[in-house]
Amino acid sequence: MANHTVAETLPVPFLEKTGILSWILSTDHKRIGIMYLVSISTFFLIAGAFALTFRFELLTPEKNIMDPHTYNVLFTLHGAIMVFLFIVPGLAASFGNFLIPLMIGARDVAFPRLNLGSYWIYLLGAIIILIALLKPADTGWTFYTPYSIQTETDVIMITLGIFVLGFSSILTGLNFIVTIHKLRAPGMTWHRLPLFIWASYATAILQVLATPVVAITLLLLIAERTLGIGFFDPAKGGDPILFQGFFWFYSHPAVYIMIIPAMGVISEIIPVFARKPIFGYKAIAYSSLAIALISFFVWAHHMFTSGISEVAATIFSFLTFLVAIPTAIKVFNWTATLYKGSIWLHSAMLYALSFIWLFTIGGLTGVFLGALAADVHLHDTYFIVAHMHYVMVGGTVMGFFGALHFWYPKWFGKMFNENIAKIAWFLVFVGFNLTFLPQFILGTQGMPRRYATYPPEFQTLNELSTIGSWILGIGIFIVVVNLIKGLFNGEKAPQNPYNSLSLEWSVPSPPPHENFEEIPHVTDWTYGYGKKQNTEK
Amino acid sequence: MSWLPEVASNLASKVDGVLWFITIISLIFFIIISTFLIYFAIKYRRRGDDEETPYITGNLTLELIWTVIPSILLMVIFVYGFVVFKDMRTPPKEATEINVVAKQWLWQFEYYNGKKTLNELYVQQNRPVKMVMRSDDVLHSFFVPAFRVKQDLMGGRYTQLWFTPTKVGTFQLFCAEYCGTGHSKMLGKVIVLSPEAYDRWEKGEEEEEGVASLSPAERGEQIYANSGCNACHSLDGSKLVGPTFKGLIGGESELEDGEIITADENYVRESILEPQGKTVKGYPPVMPSFKGILSDNDISALIAYMKTLN
Amino acid sequence: MEEIGIEHGHVHHIDPAVGYESSKLGMWLFLATELLLFGGLFAVYTIFRAKYPVLFEEQHHELNKTLGAANTVILIFSSLTMALGVASIQKGKRNLLSILLAITIICGVMFGINKYFEYTAKFEHHIYPSTSIFFALYYMMTGLHMLHVLVGVIILAVLLVLNIRGKFTEKYNAPIEIGGLYWHLVDLIWIYLFPLLYLIA
């Protein structure tokens, strides 16, 4: 293995320098990745704490610990912070930054200073949103008009924050597209690219093309509140459904901004721990792009009961089913990759397998919502809440935790306690299902979402869900403690603890500044596991 | 405990057909994937570091199968969902119209004969009804789980919904579109009457029954719960959208302009009929007028009830 | 055991040609986002014009067609000077670029002055964004566009200063080309805005 001897002579690891300026002025993609990782994780924990609080309120049908207004504020903040500060930047900005240059054999992204600028803009947006907490909005993260025009809470500040975050998202996406196009190492052809890169590419396209629309939408919403224009206000001749159309034109593709990077992560973890080539590489790669493309034409499936025409509803229902097909293909491909493998149930692999299982539930329940007649009954009930969390937590967060456990040795050069990681995984998995499975039934029984109080017949299932949230909370707490502890007293990580074939494992852990001493010349794809001579093809 | 609410409209059984159909297909797929996932994870778990694995990169036949079969099934589901949806959107010509106005946070129903009710919708068993709906303020959504119907309401545009109730009884009506602080208290009842009972209700005979035996304060308590007061006014002193009823009558209130008044019966009456006239400081002026909705008798009963809270 | 499929070659830091290609691709992507941003407003315009054709027809007469047309000519002219500027630096004519950039900037400023007079005249007639859907669109679209003109003028001013200091040559002029692309976009958007708002038939 030639790369081992090279490792001895390489320059200092990227983590060597300390001091605050060495971070906030760093243009090293790996450091910027860490800054994103720390920021998004902090917001994930804050928004999670909000959820635990209002889940506690739902233990009893009537008022428990908070008045309805506080409840409404908390679910709004939970949603807005989770979506805009955690999950949209999420895997793309943290792991995307860390991995894209390493995986394609580049020294950094195409525009390192712009990359740092994106992070600062993210931070600025985050600060504005924190200021908005002084008089927090109670509109729900969707900011539907005309309520968001009329409420006396501060909607302007939080939407302004999200507007600013949009720039960060656009610039990151732009940076990644150019990086993937122009900075691939010699020999790293499109069809040799790791699937995480394909996923990041599809995500970046969505970020660049969808975000401007939410920017203009939020700008118009701010203008409604400040200048008194009335595009979305029926009292002024405007149309509230127009807002929904605009909002979902961004926010549906945004759902895929959130999930596609996690799909990329899963496609990396499974072949390594199964020691098998990924099954159906091209199908997975192109289905990411297909999902990205179709996702621009399905937005109105959030609006079947809002008053859109029957024709529009029918067209959008049809297109929604189209997007389900590439998604299903991915699930089958991942499962097939396991066939005749040598499966190491490492904690990262456990998260990856959980992803497949939970995402299957999330995806199948999405089929209910795409079917017009079924959606009428299920829309705006807890069924939606459960479905969305199966995709966003069962999917993206499982992918995020999987990525954390998988690339942790590479990124930080340390190992974490694997046994504790497995226990934490178990609690997260059980807690998550206990929290959200009952919500499917609450939804089919008809409990509407965003209810601070509810009729007593829904109590038992709500109790189960709240108890589940405690287990989930404890599980996540252990994950965090275990990973932080590893940073201080974990063993030193070897260069390639899982014998992965991907380029990032060909450099020391943690990688040196500028990654590669010499740009590698790629001769094979990333997934050449298994014995080639014994099998056909 | 059933996973679906009871079936109480003609549409409900059709929607359940779609729900069951998708559930069965989903379960089949779910079981297949779960089985393979768990089976593979156990069967092929790593037993040693040098295990050999085959180099399999794909299988066109298999991939075609799992692309084509789900595609066909999804198209079937789409068509089935669409066909039932078409029914749900096409009211029969003979359907009786009822006007619905939603506002923060109550439902108002107006029948063809000019009769009005609040938060209680009276319909006749086996007679199709069509709701012509609008909102006075923000978005709301008319949702009756037992009927499997849901439709948003908004200002500046009418939306429609229809159903034929098939069972006599009382069914829960929810507001399903988030509409602010009182959202979870914007509840109503759909009361399905047999044709005879409906006749009596239409003629106004029903109302006197049972009500006469109640004291004014007891009647006031019913009005408090059924007319939407409870969405904004608490009984225990806590602050909701509006001031609490506890200790309101006879107590002192500071108005928006700084004037301090003693809230007496006349002030309460005035506030119910002309809510925007004298609002209490620190509360938004959002209360709708109950003029023409609550009768003089109702208001007196409500005041009698409020007095018991001191 | 499998091995990572690489050989070590001798390619080093980012090639200037790749850097140039990258920044151009980046700029085109950015322009795409700008088009989508305005695309949102054009969609709002289309929807409400279809809904309220009479209102649009009546109220557009309030707009000052002469000033609008003058601004159109100014911007088209400035696009021409910008394009000539890019061509001149590619031939190494640095002083000519400075002159052309200065003219472009003056055009941008003139555009802004005209807009200032237009807006104040509207305010004097008590026409505000809240007056009607049409005027809301007028203010939002031209306002957002004006913001882009302003940003464009600042970018061009920075480029002008850098050019006077001798930063750009026949070989290295990517920032001029990219700045020029942005200015053409600003011009292009106005070419759509002008007929949509001022010349409703």
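We just call them A, B and C in the order they show up, numbering each chain from 1.
One rule holds in what follows: a residue touches a chain if its C-beta (ideal position, glycine included) is under 8 Å from a C-beta of that chain, and two chains touch if they have at least 3 such contacts.
Here the structure is a predicted model, which is why all the values come from computation and not from measurement.
J.: Fewest touch steps from chain B to chain C?
T.: 2
J.: Would you mind checking which pair of chains has the most C-beta pairs in contact?
T.: By contact count, the leading interface is A-B.
J.: Round to the nearest whole Å and give the separation of the Cα centres of chain B and chain C.
T.: Taking the mean C-alpha position of each chain, the two centres sit 49 Å apart.
J.: Please tell me the distance, in whole Å, between the geometric centres of chain A and chain B computed from their C-alpha atoms.
T.: About 33 Å separates the centre of chain A from that of chain B.
J.: Which chain A residues touch at least two other chains?
T.: 237-239, 528-530
J.: Could you list, by residue number, the parts of chain B that touch chain A in their complex?
T.: 1-5, 14-15, 18-19, 22-23, 25-26, 29-30, 33-34, 36-37, 40-41, 44-47, 51-59, 62-63, 66-67, 70-71, 74-75, 77-78, 80-86, 88-89, 137-139, 141, 143, 145-146, 148-152, 154-157, 159, 172, 174-185, 187, 238-241, 284
J.: In their shared complex, at which residues does chain C touch chain A?
T.: My answer: residues 1-14, 18, 21-23, 25-26, 29-30, 32-34, 36-41, 43-44, 47-48, 51-52, 128-130, 132-133, 136, 139-140, 144.
J.: Looking at the complex, which residues from chain A come into contact with chain B?
T.: My answer: residues 63, 67-69, 72, 138-140, 144, 146-147, 150-152, 234-235, 237-241, 274-283, 305-307, 310, 313-314, 317-318, 321, 324-325, 328-329, 331-333, 335-336, 338-345, 353, 356-357, 360-361, 364-365, 367-368, 370-377, 379-381, 441, 444-446, 448-455, 460, 527-532, 534-535, 537.
J.: Would you pull the chain A residues touching chain C in the complex into a rising list?
T.: Within the complex, chain A touches chain C at residues 1-3, 6, 105, 107, 110-111, 114, 170, 174-175, 177-178, 181-183, 185-187, 208-209, 211-213, 215-217, 219-220, 223, 227-231, 236-239, 242, 246, 499, 501-503, 505-506, 518-526, 528-530.
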